[in-house]
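Paired with subunit B in one complex and with subunit C in the other, subunit A is shared by the two complexes that follow.
On to the complex of A and B.
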């Protein structure tokens, strides 16, 4: 479409006059843009077409209109799942955003000690699969959990105190607690950025006007963080609404949409109903996404370059409260992760508490054992490597080139929508899109050029890159925006080809962001279950999926052991990232320092 | 033994009637075609519902004998493997089904998905453990049956007696202490439900299951998990199966295997060749091996009842005469009624079911 308008423009010019020169360099840029758009079309948009089509057809593929949806909403069990998912997501969002707000505020705006440590601990759950967090809860709050039994009666025996408490984990309590752990770091990350962006001038004005601290909080702090809050709410709601790992382990008799999809697709191989529920899963996250986009668009006007960063001042009472508050939350996170690690070494929980390594010998349990772990490491490595390449080139061509504006905007739109796609939806959509040998479109069978990907490592990597595309893309875009666009114009006027500017200036300056994206992709590919559980093949099992299978078979200790291995890999990746960025900053970012 | 033989023979008459009217899918030229692999090399995909800790013992024996055949195992609970097999009817992915409930194989067979094949050594298989058609569509390897895993520590702490029968399980004092597998996903769950319906009759059976439901803490995905949960004290009683109960006891968990007084539901685990365009000779090699003496001896280490007689004594912990523990089981009717029973079960109790 854009190509035609360009052509038309040239054709309209009278002959003999200067025609706009399309240089080889510009063709290269166009090619790059087309590649990125092509990737996003195949990875994000096109697979949704058969998904929607399937939800409107019967199992034989005949169009039946909204019949499946009618059937869904007329089955009371399934409707209750929809309501349950909404309940879980709402409760989790309120709790996670509320707690994370306080935590981020305490780190950004008080002078309490140990901020670096609290920050690190808050991010710890990001390195564990949600299933692992739920398994940790089982060992703490299950019927034989440490808390439920008062440390196996330890308090009762030594202190004479019946310090045992049963929270009735299995069901809504367990799911909300698990999702809270899962969503907290995500909300914290967003709110931390928002809390750090305060403009000190507003606080000075507030003080000069003798406003009470409470009033300052309501009219300055909260409005200043509102976009961060909206984003955090959007992210938490989407994650909790679509997560499958936590309800799978501690859901008990409490059904939610995500586990319904799994039941329909894996348990009954009912792909039509799976597609229908996927669309229902997509609806609220889609709405949340639109609201978030509208809010973010407004934010642009709020930040100004004259802002003065706020430096927190010591305040003994507030700092103490902040310290206690953060210590409690950090302790809760450490205890859950610690329970997983401890349980993975316990011989027979809760009867023989001797320590053993036998749960790390995965030969006698399902899921694929160490081979699955190796597969996961490779998959995550490929996802990081290819993902960062595509994401960064995509962000570069969209941000730094002036090629084909409508197509660039379209590419931007595609880059942003992947965040609204839950992993389970990506997984099912990929089955429909990549599995058939040919697609039937309007009665014609068209051979599927991508069918060869099905069941391979490549489709797993593709699913991961698409699943985590948007956040990576935003990171790359932010880094690119910080590089003055004068580099491009000066290079162009000096006839330096854009790829040389890219290789000599843009890329080196963005290396910390590149490393961050690679780390983000690696970690998330290690811990994710939702997209890959529908796509892995028996020859290519994965560690996170193995946790699901081991838990299903009741091998909870082995599931804990696999969780520990995943957490270890993620922490090592994070460590490598920290070292690399430290080195990079010393070498390439010295110009940023004052 | 006599009783067992009698009803099996009766059941198999009906079975014969059921299977022989099937178009037997005579080995077409396509079926005779071979891909690149020979009988001792190649790659095959095997669908199985055997336990993970059994596969990890059995499979290495095959690998050692046939190092050039790569076996890709797809292991899940009976219901999942069955659903997957049926869903892939038009484009089968599996080459071989190994150790899947006979009722599930009967369903697949009725859809014409199994290729008749007489594995080497078939004459050693007890007649009641194989499809009577010639060549058979499926061949059994062992039988497994329901057992309760009772956590003695937990019951003692609550001052409750060890339940010894199905009737005990619906007593109010066990409320919230029992887990059992969801029959839709688990073969163990299905054989237990089908045993109750057969022993008590439909009406009384469902009434019993209603009461059992009142006592149920959770329905699990797999047949092993109730026993594992009992072993960890998460529940006090897990309705599971013989091998798992004995195995968990042996691993040091405070489990007492209980074989219910009224009798146990049971099933044959069987093998079959999947009908597809290019049948790999390696698949037949696998099926031959899977009923060989070597394999039977391995099965006999974990099952008291195997399809071929072996010199392995009945493993410790089992009743002396395991066959007397088995109820009269009409597989054919159960296979025919499977879908209806599962639908009715889901309608009544699915709210308490763990995601499967």
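On to the complex of A and C.
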């Protein structure tokens, strides 16, 4: 017998695979997968086509190639917005990631008191629209702000000290401060996970080898948190680069891409330039997304099942420094949000400081008032309900079935890219995709089957689900990965259909993740403004959009009141979530504890 | 009268993942009621083969016939088997009884009948009275018994076991080995178990299929495999084996030389030209320490390198040189019963004559092109 190389043997072997009989159950799985892919195509991918096409056409729809981009970059005013956005995003990323790193490290690795409280405060801005944070800054540092006027002249009058201080809020200072507040909790969440995933054995080994604490930090701590840092940088950069709310309120004459898009589309009805700027908004976040994906793919399991969790040891000096550091940051967050709440009750800031509820009576201001608030609540509820359904089914069919591998990989890809789409881009893309009664493709008019969605609650819900799809999807996937992959095999061997196992086993085991996704979708749909500001209709106003309009009209106190209502709804959602998870854990304790 | 047709037939199964070949031309018949082991190192394709038999994975080509029915294209849900995994794969949110009844409930059987069947299965695996517990409240061994009861609940014709004992403590593992075998014999169910543990295979199997690199290397009863391994790989993987490089000697049929020593091998038929290189193999427990060098045949004069106490026996590491200036001497291991040590000087460096009985020696031809 002659010896063949492995390569030759491979070539001689049969190709293809035995095709199993397609059962009714398999058809059901295929149908489910097709539904998920269909949803993601309509929600994520297809709307980008007319967006790109518009940026390459003139206002009459004729193809002009890169002319719009050339025009953009030859207009000094517009180019400076691009540079401004990059500056803002870079500065915010450096500050937010740096500050959050210290904050997360202090909570995970020191023995300072009050960790739970610090954690809760750090996450507080997540429950407020970025607009609200900017409004808080206005009340502190604006022209009539608390700090700017030296506590309304209090220091001047009583102490004779000119303690008033003007930070020149409107412009780059205000934007960076606002974005910092907005991005900090996001960076903190990611870095907190990274900081908690430490293997004590590595630290013991480093100590046994007599490495200095500084060297241990460089050799063990930083590499261990490397991927968390990359993720945090990606998230902060994307958020700050694309955010609309903060620059809208405190930007002054400092233009950024996000406000330019708003001005072009809403102010000048220039959709072509709106599309062009949207693509420019997409480019850096797309690049950041690709870098992050490559980095995460290289991440091997930092923590193996044999890792020993690191327990911090008390150290008086370090613990004190950590406590002071965290207290300062926590105080800053509380003061800004406190300013919003306080201002919403003050009669006439800063002249009549008596407390009143009159700003909560929205009848005399624009924006839609309580109806807008109710609409937002319903929209967020629908987004949470339908969102968690589609996200979880999508993650389930991708993670737990063996149906049509290429299509499953495609569905996974679509599920992951939505995170790179800024809300404003989703909003504009949806206008182009859903608004026309018919699409013109290569000269042919094709009736638009989705046109009926335009201006309805459904399109708002769709935009929210797509906008927050990726993070929800990853939460679901992580939960599903923790469930034994052989459950499906065992069920098949007992001839139990997959949907029964899904209902009796998979779903009950994933309920905490389902609750988390629902809460996440509700809160984000409540606070978001960027996607929905292009999509709401006059009959269907929204609370977060109302803040923009009230602020534009100078009704800042009403904007503050609306912000407080949104924060309240989000905190209640969070509370409901906590109670639900607590109840779930109590009920399921029997099969969790040995 | 011919033999009854085999219960399960695998015909020329191939499996490849992209460019890598996982299984190559696997053909195998399993008789009804047989306990068959798929044994091999990790990555040899044994688990893939089990999953193909179950229909959890599709072969690239080949045919599978179970109980006279071609099941090659049927998905797992349309085949007839019960399966037990290393991870137990018990549903954590269902009680022991509900886990076992999971498949039964789907059959729309009356409640009382299901309850009776669950009790019967619990008795079968010795877990009476634990039906209301949740899996997390059981020990590893108990959990694996529940998994076994669940796999048997629908009275499948074929029981598949994917390393079911690997996650358990040594003592529990030893107990469960005997119980699984007894249960399988009692129910008469055809069983296929995947394992990388040769001891497990030797004690439990009716027949062992030894696999390596996606191919079947040898099929046989445990004793046959142990005594007549087909290749050096099997010899080394099932039990321990000493390999001594040797040459065919011209002194007569079945005589070989390793260095200065002549070894006669009983039953050696093959006529190789004198000077051909071969590999001589002998198990550690078959070697005898001689009290003194008598100059008789089949004795190697060795030097003690180390002695390890193993409990019931000592493990001696010895070596000898084929030439005086050989850089890497040939090592061999001898298992010596504890009581036998008192007669010998076994200090490191001591010279020890070792007798390799002619009926315990095996000869493997070297593959062409392999250098000694």
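Convention: the second predicted complex is superposed on the first by the 559 of 594 C-alpha atoms of A that agree within 3 Å, B and C clash if a C-alpha of one lies under 4 Å from a C-alpha of the other, contacts with A are read in each partner's own complex, and residues count from 1 in each chain.
By our rule, a residue touches a chain if its C-beta (ideal position, glycine included) is under 8 Å from a C-beta of that chain, and two chains touch if they have at least 3 such contacts.
Predicted model only: the values in this text are computed from it and were never measured.
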Subunit B versus subunit C as contact partner of A:168, first or second or both or neither: neither
Touching partner for A:500 - first (subunit B), second (subunit C), both, neither: second
Subunit B versus subunit C as contact partner of A:409, first or second or both or neither: neither
Which of subunit B and subunit C A:259 touches, first, second, both or neither: first
First, second, both or neither for A:587, with subunit B first and subunit C second: neither
Contacts of A:486 with subunit B and subunit C, given as first, second, both or neither: second
Touched partner set for A:363, first subunit B, second subunit C, both or neither: first
Residues of subunit B that touch subunit A when the two form their complex: 45, 51-53, 56, 72-77, 79-80, 83-84, 86-87, 153, 184-185, 217-222, 224-229, 231-235, 251-254, 350-356
Subunit A residues within the subunit B interface of the complex: 77, 80, 138, 142-144, 170, 247-248, 251-253, 255, 259, 262-263, 266-269, 271, 347-352, 363-367, 538-539, 549, 552-556
Subunit A contact footprint on subunit C (complex, rising order): 14, 16, 19-21, 24, 54-56, 58-62, 72-79, 81-83, 85, 87, 89, 91-94, 102-103, 106-107, 134-137, 150-151, 153-154, 156, 367-369
Subunit A residues within the subunit C interface of the complex: 3, 6, 9-10, 13-21, 23, 25-26, 484, 486-487, 489-497, 500, 504-505, 508-509, 588, 590-594
